[in-house]
């Protein structure tokens, strides 16, 4: 207990220091507005990657419609702030609740399906959500929903990203997370050991969906404009790529994947015309190469955690041995 | 953050910046070079480039050479503002051209206004672009309601069409926006829309919708999508035996319309920003120099409007006599300029007041038909 | 009253009656053997007991109540656990996490506790951890606690399966061919171990095994299945000398 | 002994990542012999068989079959030379029927009529399989699957047969039967390399044997000698 | 009533397009249990190869079709060798992401100015697109050709996979590569053949669909790719007749929704149909229940 407390305090201090430093750098203009934008995008993408990793990496369900839940959160929260004048935080929380509810509605029937069938159903659900939004005039249909107020600032993003990370960490390091992993490895065995496999999967799915919706809310109040096409299959695969590239089942991997794949395309802007013209080509080749040479992703299924860093210098720990990371 | 930035910008590196400023004037351009509409991006990029090159050849702006920096927004609303922010914060541009499509221009506008950088979008026709973008956002094209009205009036008055079928891309903001604008004006004018059908991006079979439309036997079939899809629809419509006259908007403006649609396009009408067979000096010059600069490529409406947008911005800077943004915006507001697509002045919502041109397809070629003046 | 009472249990796969009229009674702290030729229906009996298959007829009473129609995890909650004929560990999880997952059947906390790390969270985690350590030690796996299950040698994997099942705190443990793939020496060690488990945990064990030495050595009673039907029941001695069993199952005596 | 060497494994090393599973293993099998490999769990028995049939990459060392070097020539090529491997854990084709599984065994054979004759012979050997000809193999019981795996291998008309724990999970009566069959196949001219946990029985039918400990051969000799070896008795035979 | 029959024809015609593409999809899945998400893009490449053969090499229809099939077959084999083979033992999701990256790669590659460029192209009429009338209902020759091709190719392929030795080899490789190798099956070659056939089928579809809907763009494969994946799953993925039925069902539903309910909700209906079907029959219309014996 005491040890945990001490570790917790160290972590809080580090997080606060990082925040103060970042704030300072922004104020002094050392981190410019452009970099700040990228950091905010990174934060949103981290939350998305974390949420999808919970579903894919822990419950073992291949979900291909994650952007749809993001859309639910984005639209619902935007309606609350823009049309019903609710304050920001309650609105995005309501968005997350709506995302969780949508996750329950779709997860409840389809989580009984297996593998590829589940994948295609989530994909289908993603398309359905998109088409439905395209048909709702109240939110601008295909023309998009504009006039959303800017609420998502660096401070909020920082806070929510850290909270999301802690939340995910704590979920996966609890009996619930272990149940999810057990189910993903061998559903029959897990059931025989007393795990309600369906409930474990559904719980992971709902948390993941709610968190994606939360990220959607942040996204909407940052961009101030949302349109259905932004939440299509491409967006879902983009999030999926963060997760796979970071290492399926690795929470810190998801963070790494989201950071790298958000910053990389921006970084490529700095190069010459050739790279600019063939940016997407280069990007896809890089993913193929990365997958071939490191199919387990950047982190594999390992975790980077504070205690490892402190104890053994820069070595990673095998996941089984880790207790908890930042949280 | 931006105030502090300007402060450090002027104090810390005032000297170097002054030197840099002394050499060139930097303008940023946000174009969809990759993503789902790279063809538009290429036209836009060429248009901007040609305008800048032309200006530079004539001595530049304020006696300095203009440097244009292109950034790709992938036609994604989430990318456009980031890219604009980069141009403003990192490249220190004095004005931004773009974005090409409304869905990108809408979220990008507020960024420009916040940073007090004038923005001129060449082809974003959605009303909201300037409304929500704020005082620094301008455009070079007419807006959807105007084009819709122009088309509706043309259909009623010139074609004598009493019934119309509308077929649009429900997943595309432009296509849907224009279709709605048309329907509103058309029904307001006392005519009726007998069929309203839609499809989604990427589809290529329209037989189901067209069979329904055929049933209603409309006088005209309005298709508000881009040329490649329209060509395909037109073909299928004629094959199915639909005899209605085809009508569309600026998205049709490409030589590929006929290469895909073939004979089916014959006799169709569409509104554009300028007619490519216009023999006025401005148009001929533009077309020639475009072809010369880009391996004989034919300029389309996107290229022309992008060229215009760049000209409007550079002209405003010249008139302001400084790159100071407030002055430039003032100059933009009082624009009174002849460009390729006609004569431009701005209304109080920073939308250009200019006519729409109606073209028709004759012998497989686009031909000027008539001009519809703004009311 | 008996811990387990099975009456007239049967199941049909298409046209095949895999198990028919099966009955069995297990009292407290008993070690019963279930043997029979390949394909006789032994594993199928396990599957029906644990709710993996739903029987077409019959009734299962366990610990005083009917468990027919319950799902697998509900059966486990009622204190029955099993191992699998073809090992089914959580391959990519550590040895200790394999065991710890089973602990949550008995001790859980709410999601809120997990997220806010309440006192309850620490308490339950602590208890689970102690339970895991205890089992690891008993099974001689303590220095392999952090290895991934898939990297264990075969024998250890079988042992881990038993440990994992025990962590659910069963009153009845079903073991499906625990000695498969072990050499005679290891099998002998296993025999001792199984008996020890039975006494240490005061539980009953139902054992499927083809190794006659093991079965005859430790089982108190044996049921023999052939073609889904019981052909003999009795003490090891009776079974060993039952001509029907010899003919169908044991073969020539050595 | 002027025996014709059928299989020769020379200083073979196999790694799984960092795990050095086989260290300089050398064994020989003469034509017509039954040779058995015994060893504890994880000793590397399966790894040897997999290395021979090219399912595992041999890091260094050589495998010769009928004097030809067959190290790393591709698993499928080995089958065409009548070196057949019954893998650990049966590995039958669960989605095919019993009969189709047997016919897959004859995949490498040119002479199909002959294969059909063999199939009938196998059905006679394992009557259970005959009864279940049309059953989807994945639903067979463990023992039934084991029979199918052996039957499938015999369909390949083996000259040298590698068997990995054929008695695993089988009823005693079937174990006896399997060992009879092994001897029968051997009498008909098939050389056999047998990996068994049931060391007693394996040694009782084998000509020679090797003892494997943590990836190394620690003992070899005549089966009749090994079965009486104190060390072997203690470690593997029980009592 | 006339309209209904016309819509019926429209539905079946659209369905046969989906079926044609879905066959290759399902075939690759059936053999190596991999969702080759790049299939739609190979289809797109097939269209462009056909265009190249017709307009640059001046081939007629059949040689152009053959040219495209050989071309896509080789490209498929190359993709398999370079990108998928190293990932044989990786989790399916890794392969899935790689396939998505490959599809991005193909799209962006064709989009470059060295190849097709970003602008749309049109396909010359190398086959008759004329229509004939059955009563008042219109059918075009190309519609009939596409339907027949889908059915005939499907039948041939079904025979090939279920009855020939190579077909057996393919199925067995899908189930257990090591065990297949122990039967003397050359696993690598079998997988390569599978990819060549699957990709060649996509190439054939590319040419036919290119003629039917003569608008060729680098992005033209994405939506059909997605819809045909849906069709394959709906029919029971891995089952060739399932792909045909699934394709037709999807095409039919889509058309009927557009015709009688709402054209803007068609996709929502199609995908709802998919989800409902899977809930009722979790392995798709013709899919066999896979059983895991415990």
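Each chain gets a letter, A, B, C, D and E, in the order it is written, and its residues are counted from 1.
The rule is simple: contacts are C-beta pairs under 8 Å (C-beta built on N, C-alpha and C of every residue); 3 or more make two chains touch, one makes a residue touch a chain.
Because the structure is a prediction, the values reported are computed rather than measured.
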By the touch criterion stated at the start, how many steps lie between subunit C and subunit D on the shortest route?
1
Ordered by label, the neighbours common to subunit A and subunit E are B, C
Greatest Cα-centroid separation from subunit C: which chain?
B
Note: of the two pairs C-E and A-B, more contacts are counted for A-B
How many Å are there between the centre of subunit A and the centre of subunit B, using C-alpha atoms for each centre?
36
Distance between the CA centroids of subunit B and subunit D (whole Å) is 74
How many angstrom between the C-alpha centroids of subunit C and subunit A?
41
On a C-alpha centroid basis, what's the spacing between subunit D and subunit E, in Å?
43
Mind pulling the subunit B residues that touch 2 or more other chains?
34, 170, 200-201
Specify, in ascending order, the residues of subunit C that touch 2 or more different other chains.
43, 52, 84
Check: subunit D positions touching at least 2 other chains come out as 139
I'd like to see which chains touch which, written out pair by pair.
A-B, A-C, A-E, B-E, C-D, C-E, D-E
Subunit D - residues contacting subunit E, complex
53-55, 74-76, 79-80, 84-85, 87, 91-96, 100, 103-105, 107-108, 136, 138-139, 152, 156
Partner subunit A, residues of subunit B touching it in the complex:
1-2, 4-5, 7-9, 33-34, 70-72, 74, 76-78, 81-82, 85-86, 88-90, 102-103, 106-107, 110, 115, 126, 128, 132, 169-173, 175-177, 200-201
Touching subunit D in the complex, subunit C uses residues 13, 35-40, 43, 85-86, 153-156, 177, 180-188, 210, 212-213, 248-252
Interfacial residue positions of subunit E with respect to subunit D in the complex
165, 168-169, 171-172, 175-176, 178-179, 181-187, 290-291, 293
Subunit A-facing residues of subunit C, complex
50, 52, 71-73, 76-77, 81-82, 84, 88-98, 100-105, 108-109, 111, 114-115, 117, 121-122, 124, 128, 146-148, 164-165, 167-168
